[in-house]
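One structure below.
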């Protein structure tokens, strides 16, 4: 057997998971999330309280960062535990956007000052890339000296952000959100809204240039794709668990609906997908968090594309089946199933579709 | 036959000459068309028809449309036209038919269907809303759900339990209820698309005259079968041309976006294939029905339609790329059912989730195919021979 | 509604189907087919009797041919009825090879003399192309004047044939089987065995040349792919029906196994695929049989690739489920389920895989 | 712990010094290894073990292998080693254990399992083969099927019905039967690959001493559970490296043929992904078991393995192209089970069909997951509380 990194939760992971879950239960019950979907602005008081709990009380925004970067000297493995818990609760906060996408990008670019700000949670970063596209430098953005101009569509987290990281083919740039024009869009996933970002020849800080900038974006793309799988895992876990619970109670034809064999077999198949998605997500997190030079670290590009090839479709399938198996009630606004469905579908589109990642993977492993 | 058709054609032309569409008030025109037996030509004389074969209906409709005649806005009254009318035709008294059918057909009175309940979805025979006899009336209490058009309807088809002490299929009775009756509360039910296409309807001591009963007391399940049978027919629909229907948006989006997303070619082609297979199967089924030998394909086609619609709308988002995250309108509102809404792909991804639930879930379709088409035995039933009130709920 | 050709059986089709079915019942019960799989040579006495019944008694080898070609002046639509019935019985005779592949090729090349021989069934044609490859001219064959040389692998029907049609990029050639070296191979589908064909610089009759030869091959490829769908339909129909019958009788856990909902739902899904495969196969046959110049005739390339994209995988899926749902017994040699499985899988590989046909289709319909 | 391991290492080295593999007769060597407690180190002293934790077994086996010691050819006696031994350990008397375990471990006596019957497959508790008490013996009649190794076995694990008048799970008794007994007829069962890997076994008035019973009369179902539990464990197996296992042939064939068949890239990549997901899930499960917290994943992994093996072997034929139609050997023969056979892809397409049947069908796996893992209720049972003889068959 090839030596694989441990895919089991460590003891500290369990504590972390429980702490985040408790916080979510207290500050972000699912009805509150649902309610906030109708708010004209994202990141309202409730969501901010949750954010504060995570960043101030638990201090988990900088888990994978070094102490010098304002971090906790843990790894992306631990961040994955947080991401999974937030996925289970379909939390409407910019943790993934700021503490994963922006942070991994700033970390790869060695932007220590920015990292310290992001780690506190007082600054919130967003990456100016269409969320439903591969995480790559954007040609829509023009670079004129240190000034950037252009319009990027359907960017996630821009509305909540205070700092915008702009990946350009020749450089990685940093712009204050207040210097950009952010146009909110009605979003398919209202728990993670998107906006158009317009930069009208704005002065930017250059975080990295040339090949260094490109490598930083590539590293951040791999880390983000790997970590997104933990969010998808959390979505899928909750969707399946809530469906099983519902079917254990719901009766039709004088029987508990969950005793009908056709449904039992479908749920068994979904669970079989879920345990595999869990292993895939854990492996991707382990690779993202592995020390440089190890086999696992070297395998990150494969693990990341594997994760997005597998976990995205599994989360969508489970969320779709969750709606279906709830019958009519799952189709109503008041039931939270749709929040998971929308998030799962958007996540499957995010950072490159499964089909796109399969192509990447085929290149990586010589298929 | 050819003479009969020519005769019918003459009748339509005479009617149009007597009631020039451009100069005739819409309601008056439609009422006159009903009275002339040119509404549903296969219905009895005096009830909108001429006792003809229903195969000649399309020619009649086409002739009226060609003359610029107003139609009865069938999309505003789908349940009335598709389900209530055939149920009334089979189960109502002549007097009831004469009261209800004319304004139903003209669209002056819209109908809805009070069948499903929170506890009786696929298991419709489990309805718990009750009716208690009180003199010449019945007093109805309960909650119904998934009622489309309840907010615009004048009349409803109502299935209620009149005897909880007998097995569930035996204790049901079927009524027509006036939606303007005191005690009826219609509440919009918002769905995951943001819209409120359906309603919850609360019935609180609603009085329904016994004269509005269809079928005997306790015979409600049989009457319901007539209604449901016609629902399935209505869902079947017509066969469009290639690349129409559930894959239309996908294919046109693909032709715009394919240069950017070549990795999706095979997925798109698979759905093109599935769509064409379903279209051809629908055509085969329609041809068999036209020849008078309808097959049992309906449930399978509905099942395949739901799968195709869901898979296509999902893949459309992948093809669309970044713009797929943009929704159009989350505000709670009543959709306009008269024309297919012009909405973003994300809307259709959500709306098509209902295709495998509404009008009989895909699970129910599979049961029907397995038992009625393939002849496989029913599962052991635990609720068949016991009083409804004793079934665990 | 676009005007589609009729997909319903005509009265004459029903008669034809019943006549062929009767013949199969009399001369080729499934146990006889199974028994013949162990024979060292294909096309033994029993199979020859069936062939004689079809060609001499029923005269169905030349259905789509004109009277001048020795034919019955019917169309490929009627041939499809025969092919479907033979598929239901997984008959081990070279009808598809000779009366469809070779005949359609000879017809398209205008080889009237050959057609007359094939129509009687006294000569049996085979096309020298690997059965599990797109039906195309073969570059393995060298052409030297009117002499051909080369080796083509895994050709179906060569063992039963008397005449070999050799599609070369520049010409369509005819060689007597006795002039070739035919090496039989143990075949995945022993009801349609394959052999290597070696042509050691053999004198050939040139049936067509240049563009004419290419067009003939293309037409035959389309007709053959379209007709193969009817065989696949027949395989799928029989497999599903026999599975349903078995599950209506078999008991486990004190219940008829066919009453278990998970199995019922799977069978319902298979039936739903089957009714669609039926429509697709009927449409392909209608297009193959349509008069030149009609919309249906024009649509044959699409209909043929559609048929092989859809019907091949459906037949395989149903045959696989047939084995699975028979449990252990379906895995035994003595039960005929495996004959259908092997034929279905081989047919799905034949004349271009479903994936290959999807690519063809995408080109045809501009995807 | 580390001392204990060092001590064990010394013991192995001493044994090897006393019994130099190159100079010792194979059977004598294996018998001596058993007597030294170095066979199954977790078994009791005197029964091939030293009462140690089974986690140290791999190191012992590795040390013997490194010294060039003969192994006990585990592939020739999978049922004996994997299922019979743990069952004997739990249910046999010490005397029975001392008779059966040594030659079982050395491979001198091969074991098989007489469980399944034509009428009792997934529903194993429905076995109808009967045993009737006659003095100190039982007289067995019936037919068993799917018995691998019956033709090479000395002993069999036998499940039979001793009381048809009680519910099916209660009337069963478990025996060990000598395959050389008069009245046993083993017939090869040819399967769709052409091979005869399995057998049918007919039992005609076979006498089995009561002393060969395991567990009490009527307790056979409980004993059977021990055997089956160990079957599941045996099927789990170890976790190989990337691109090994069910996709190995597919991927190597793909790298040869891909230039000719680019249209299959996405299909191949999908299975690469599925294979890696299953491999990682198997690793996670193995890691949990190593840590002493085994999860319930086994049934899911078996299910996924069967699907992957079937899909991969099928796609391998597509990738292979024309040569895929070439089979290798249809003659009826006994496969050599000691090494994985070197067969054409067509063989594997056929052989993998059994992956979803043998060792518990995929349908049974789904039931187990739904009921034992997800906690969904069992279906209504019609055969649970009635005498076996009254169950419709």
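Per-chain residue numbering starts at 1, and chain names A, B, C and D are given in the order in which the chains are listed.
The definition used in the following text is that a residue touches a chain if its C-beta (ideal position, glycine included) is under 8 Å from a C-beta of that chain, and two chains touch if they have at least 3 such contacts.
Fair warning: this is a prediction, and the values are worked out from it, not measured in the lab.
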Which chain has its C-alpha centroid farthest away from the centroid of chain A?
C
Pair joined by more contacting C-beta pairs (A-D or B-D)
A-D
Roughly how many whole angstrom separate the Cα centroids of chain A and chain C?
51
Cα-centroid distance, chain B relative to chain C, in whole angstrom:
43
CA centroid of chain B to CA centroid of chain D, Å
55
Spell out, as numbers or ranges, the residues of chain B touching 2 or more other chains.
263, 266, 363, 366, 379-380, 382
Touching at least 2 other chains, the residues of chain A are 255, 260-262, 264-265, 355, 358-359
In their shared complex, at which residues does chain C touch chain D?
37-38, 130-133, 153-154, 156, 185-190, 194, 251-255, 260, 262-263, 316, 320, 323-324, 327-329, 331-334, 337-338, 341-342, 345-346, 348-349, 353, 355-356, 358-359
In the complex, chain A residues that touch chain D
1-2, 4, 6-8, 244, 247-248, 255-256, 258-261, 264-265, 267-269, 271-272, 275-280, 282-283, 306, 309-310, 355, 358-359, 361-362, 365-367
Considering the complex alone, what residue numbers of chain C touch chain A?
260-262, 264-265
Residue ranges of chain B in contact with chain D within the complex:
263, 266, 379-380, 382
Which residues, counting only chain D, touch chain C once they are in their complex?
116, 118-123, 126, 145-146, 189-192, 194, 261, 263-264, 267, 310, 314, 317-318, 321-330, 332, 346, 349-350, 353-354, 356-357, 361-363, 366, 379, 381-383, 386, 391-393
